[in-house]
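Multiple structures follow.
Two complexes are shown next, each including chain A; its partner changes from chain B in the first to chain C in the second.
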Partner chain A sequence: MYQEKEDYQSWICDKCQKELELTKVKVHYLEGEFEVELLNCPTCHQVFINESLALGKMAEVEQGLEDK
Partner chain B sequence: MDLDKLLETGDRCIFKEPPTCAANCPVHLEIIEFISEIEKGDFQKAYKLMEKKIPFHRIIGQICDHPCESFCVRSEAGGAISISELEKAVLEYGAAKPKKVWPVPKKKGKVAVIGAGLSGLTVAVDLDKKGYEIVLYEKTDRLGGRLWDHIGESLKEDNLSEELKLVKDKGISIQFNQELNKNRLTDLLSEYDAVYLGSGGWDEQLEFDPKTFQVGELNLFVGGGIVTRNDSVIFSASSGRRAALSIERYLSKVSLTDSREREGIFETPLKQDVSETEVIIKVEKQSSIYSKEEAIQEAKRCIKCQCRKCMDGCNHLRKFDMSPYAYVRQINHSERIILGTHYANKMINSCTECGLCKEECFLDISMKDVIQDTRESMVERNKMPVSAHDFALKDMAFSNSSRFSLVRKQPSKEQSKDLFYYPLISFSDYVKGLYHGTGKTEYLFYPGCQLPASYPDDVKSIYEYLVGHVKGDVGIYLGCCGAPADWAGRQDLMGENIEAIKKVWEEMERPTFILACSSCIRVFEKYLPEIKVQSLWDIYAEKGLPNKDQIKIPQTLSIHDACGTRENSDLHESVRKIVSKLGYNIEELKYSRERTKCCGYGGLVYYANREQSDGFVAERIQESPHDILVYCTMCKDLFVSGGKRTFHLIDLIYPKDNEDGAVKKMPTLSERHQNRSQVKRSLLKEVWNEDVDEPAQDDYQLVIPESVRQNMEDRYILMEDIQAVVKNAQESRKRFFNPESGDYLASLKREHVTFWVQYAQDDDKVLIRNVYSHRMEIVEE
Partner chain C sequence: MRRVISKTQSLCPVCLKKIPAIKWNENNETYMEKSCPEHGRFKTLLWRGSIPMENWVRNKVRARINNPNTTVDKGCPYDCGLCEDHRQHTCTALIEVTQNCNLNCSFCFANAEGNWQQDLSWETIDTMYKSVMQTSGKCNIQLSGGEPTLRDDLPEIIKMGHEIGFPFIQVNTNGIRLGEDENYVKLLKEAGMDSVFLQFDGTNNQIFKKLRGKPLLEIKIKALENCQKYGIGVVLVPTLVSGINDQDIGNIIDFALKWIPTVKGVHFQPVSYFGRIPDLPENKKRITLGEVMDRIEEQTDSKFKVQDFNPPGCENALCSFHGNYIYQKNNELMTLKRNVSCCGSEKAEEGASKTKAYIASKWSGNQAENDQFEEKNNTEKIISRGFDEILDRINRYSFTLSAMAFQDAWNLDLERVKDCCIHVVNARGQLIPFCMYNLTNTEGQSLYRGQ
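This part shows the complex of A and B:
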């Protein structure tokens, strides 16, 4: 899973007013756990997931894990 | 899951069984494939199929007595396919030089073949090819035996001589002018490893095995006229080929009988229904042999017999191109996977479990039952994809929560004076009906979850009608029967639900349930056989309709029966009676009553595979030029969404002024919830005079454009999900901000799903730009 730059470049964390950074984040679903580079706030670490990621790669991985 | 039983079910499917022509061809030419090649104009490939299966195909192809043709099912629809004429055409247009075969070293044993007629020659050539040393004994001075009697228009002397010369060219040893008798045979039996006797002139009685053609325990095998007892060339060739196989097995010291069930001719279980096949007359040849074009036209008449009745009726089986035979194998494979991907999951969740396959199958193979067992097994093994049925199960939980669920006895006479005690006025004909309650709940009206969701304004009218028309008190019970849990294979939830319903039934002193929904009827029959049920439509048919003059413009309707009612022919009659009484004409669909199709909602396919669901809808709605009449809410909603004018019986029985019922749109998922809650509140208020809490005011006033509404439907996102996300974001400021657009983007995890909402604020309004969700979780460090 990865995020295209243009997908996120204009978003900032509203609470911390910080620009988002790409760092490794742990995600899990069912029996699967991975580390992926996702955009998040450097201060509060809330993770940004846009539509194309949620409905694209993420959905694909979810489907794959559900069929395991 | 009992996988042996599963495989047995699949093996009963005759999809892969051979057609009657091939089963009655003693050498089993693959006739459908053969004809298909001709149809494509590929005479060379057709020729190769003849070469592969027919001994001395260049001879037999000209003189075969074609038993296949008398079994051709096309005979009932224009005449049997002229298979023998097609073979002659293929020999003419597709013949290729025989492949050069290098002689195999003759090390496997010595075989004497007595009689150089067709069967003997077949044995000699077949065994020579396999590496046996053959000596042919012939009483005359030439090869071919009775084949020479067939010289005529088709088989020319030159051709026969040429073919027979090929035998000599192989280097098979031939001894002519050999008169054989019993003593000589005894000598040969000790001299050779095996002896084949195919001479039609043999007078001695021989006892032989009808399957292996072995004489007693001897190294002697028979064929030709001794076995066939007729003049058929193709049976003679077949007997030679079968005897050769026996000899080979005998000399290799392996079982003579294993896996030989379908040698020679046999009865195929395949049955082809030609009742709807268009009659096409046999193509007559214009000269002594079919021209290429004539052969192609004749080949086109072939029905290509194959049982596809279930597939013809089922969009799902066709979409996945699965016969029950293949489907069961896929399920078996999927059930056995320990580590790896269960690729069949989506397919298994795309069956509507409507039961048409079983209805169409003369062997009663029920994929509905197979799929149900499979889903239950998947759930048990924790292999059911969660997302497939999650929303439907949440919807069921909603319906059984206090937001919808309700049980009430009929209000007393005093309480309900205004509601039910109504004077009979001729033109209104019991709009509400007379009060004739008894205090004992004889009936419990159970409208199900989808009727109140789609027709919230009519539930009270139906209830009033029932109270006025049936003998005894009518209570009401709002809730969900559990059909979603059943379809999802969730026996755990189903069990709980059934117990809850049973408890109400007992508490109400075992009333008869009046059901409006065909899925409820199915569930009650399956899980609650002790509860007596009656269909709402049967009551309308029996007691009369509440309003007169409903019909405005007489028209013709096609009735789409609900698949849950497949076996309920009384209900089908009631519906037709109501429709006729209302003044409509009926034009039946090809697939109706016990052969009806599913609209595409059944089996929760609507949630698990929307594309498959759409496939069912699209196919069904184009089956009639007329408006469709349904009596299941989901059928109505799906057909209207598909763009087809569709009436629900409720649209006709309780018509609304200024509204065309046939185009009434399906409420959104959120509206379905709201409608159900509204039904509960208005019944409590208006029928039972109870105080009810008004629903809590929404926190935010949402402005949602049509495109986002569509996304909500496709992505199973409710208004309450959006409200919750916005509330959380507004209060915590945990959200993202886009300085360029001024939009916010916020998320909130609710149960197993994380919802994202992109929105903008406009004074007191929240403008929703987009919504989406995912199930994967971010692990908070």
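This part shows the complex of A and C:
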């Protein structure tokens, strides 16, 4: 879906062919809602989360918000 | 007409013999009724509130005790230790390091007072810790009493527990010494005390005078200041007594919110009738979990709502409720709620593991800085920083409202006992479910304490 160009900063949205930009995005998990900066497409607004973030800090946040 | 909702087994409050019991509903109230051939009938209020007791469920697939300390002989609750019939692992093991106390409260499950009893030796405490490790592994430890801070060697006892391998050690205290002796607080912190379970019955001295015999509000505040100074997490623990502090629930919560992030939550304990009690229980004076949830909503102007709360995943559903929140930068509370009652059965063992981890992470003091994962460039740094801020908020600004209803000889349900995860360690290293350890009959005689 996305093509990597030269480095991490240059990701292109496959659908819109636009370079992804860092913008503030609302993330929801359970009842929690937070605002963070993530790469997304300026046209279709699809957000890109790479593997290390998904399995790292994002998973940690999810765990922190989960009930006992 | 009465509608019987379930049958269970209980004990006679006079002779402590096992007898059958029924639970039935009348209007919004649920009662237990039981009859001893020798001592007659007993009818006790179990639940009152907007959520019916029948709806307060969380089904679990029982856990099995890997290394039982006792064999099944007379049947529950006479074989505690834990026996192989017990259905839940230890979440918190409680060690009473002293029976002495600097207060003489009207209600005291340990019936502690004075300064005349021999404290447990280090050798005995070492044996107790090791027995817990063998039976229950790395559970959470609560050092209690009596008043544990009367012991000058409490820091050494904490160190001993950590060296044996327990990751989370909490001290259950009235806070007097923590308020009076800052250096002692420093020593406890250095020894690795992770959290303080602070007796905190109200926001005015009339309440403390009635329940504890002394005006203690100022010294409790001093204790909080000292814990704040040394980065120690505190849970406020009010004993709720009808007509004394049940109208102060909202004020206690407001007080707690002002002390975030030092205060990690409020854990209400409706009074139970065991140990030292001023009078035998009356149904009209009972405070049940259903009502505590309702009163939290009423007395906080719905800032906290009944619907925020879940039954526990660790102990029996009827033993507690809890609600989890995050205190946000704009001073608003974010409610974290997952509907758990609709999802079939969960494994009791997993509930115990999650609860141990939750308490250790959310009730501790200063959290370590989050590890920085390897960032490749500026973009990743910015993204990472955003998630670090969220993690910091979750770790340091989590707030829990919870309550636990202990069982006495009148409202005892042996099904709940079998699911218990809070176990008192006796000097022989046996683990006794908390309510069974403290249970006393109408004459004040114990089933386990002192035996």
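In this text, the second predicted complex is superposed on the first by the 58 of 68 C-alpha atoms of A that agree within 3 Å, B and C clash if a C-alpha of one lies under 4 Å from a C-alpha of the other, contacts with A are read in each partner's own complex, and residues count from 1 in each chain.
We adopt the following convention: contacts are C-beta pairs under 8 Å (C-beta built on N, C-alpha and C of every residue); 3 or more make two chains touch, one makes a residue touch a chain.
It should be emphasised that the depicted structure is a prediction, and the values quoted were computed from it without experimental measurement.
By the touch criterion stated above, A:Glu37 is placed in contact with chain C alone, chain B being left untouched. After overlaying the two complexes on the shared chain, residue contacts for A:Asp67 are found with chain B and with chain C alike.
By the touch criterion defined above, A:Glu19 lies against neither chain B nor chain C after alignment on the C-alpha atoms of chain A.
By the touch criterion stated above, A:His28 is placed in contact with chain B alone, chain C being left untouched. With both complexes superposed, B is the one of chain B and chain C in contact with more chain A residues.
Once chain A of one complex is fitted onto chain A of the other, the partner contacts of A:Glu51 are limited to chain B, with no touch recorded for chain C.
Within chain A, the residues touched by chain B in the first complex and by chain C in the second are 30, 33, 38, 58, 61, 64, 66-68. Per the touch definition, chain A reaches chain B in the complex via residues 10-15, 20, 25-30, 33, 38, 44-51, 54-55, 58-59, 61-64, 66-68. Residues 7-9, 22, 30-39, 52-53, 56-58, 60-61, 64-68 of chain A are the ones that touch chain C when the two sit in their complex. Residue ranges on chain B touching chain A, taken from their complex, read 340-343, 345-346, 385-388, 732-741, 744-745, 747, 754, 756, 770, 772-781.
Residue ranges of chain C in contact with chain A, taken from their complex: 310, 312-314, 322, 324, 326, 334-338, 340, 351, 354-355, 357-359, 361, 370, 373, 376-380, 382-384, 386-388, 390-391, 393-395, 398.
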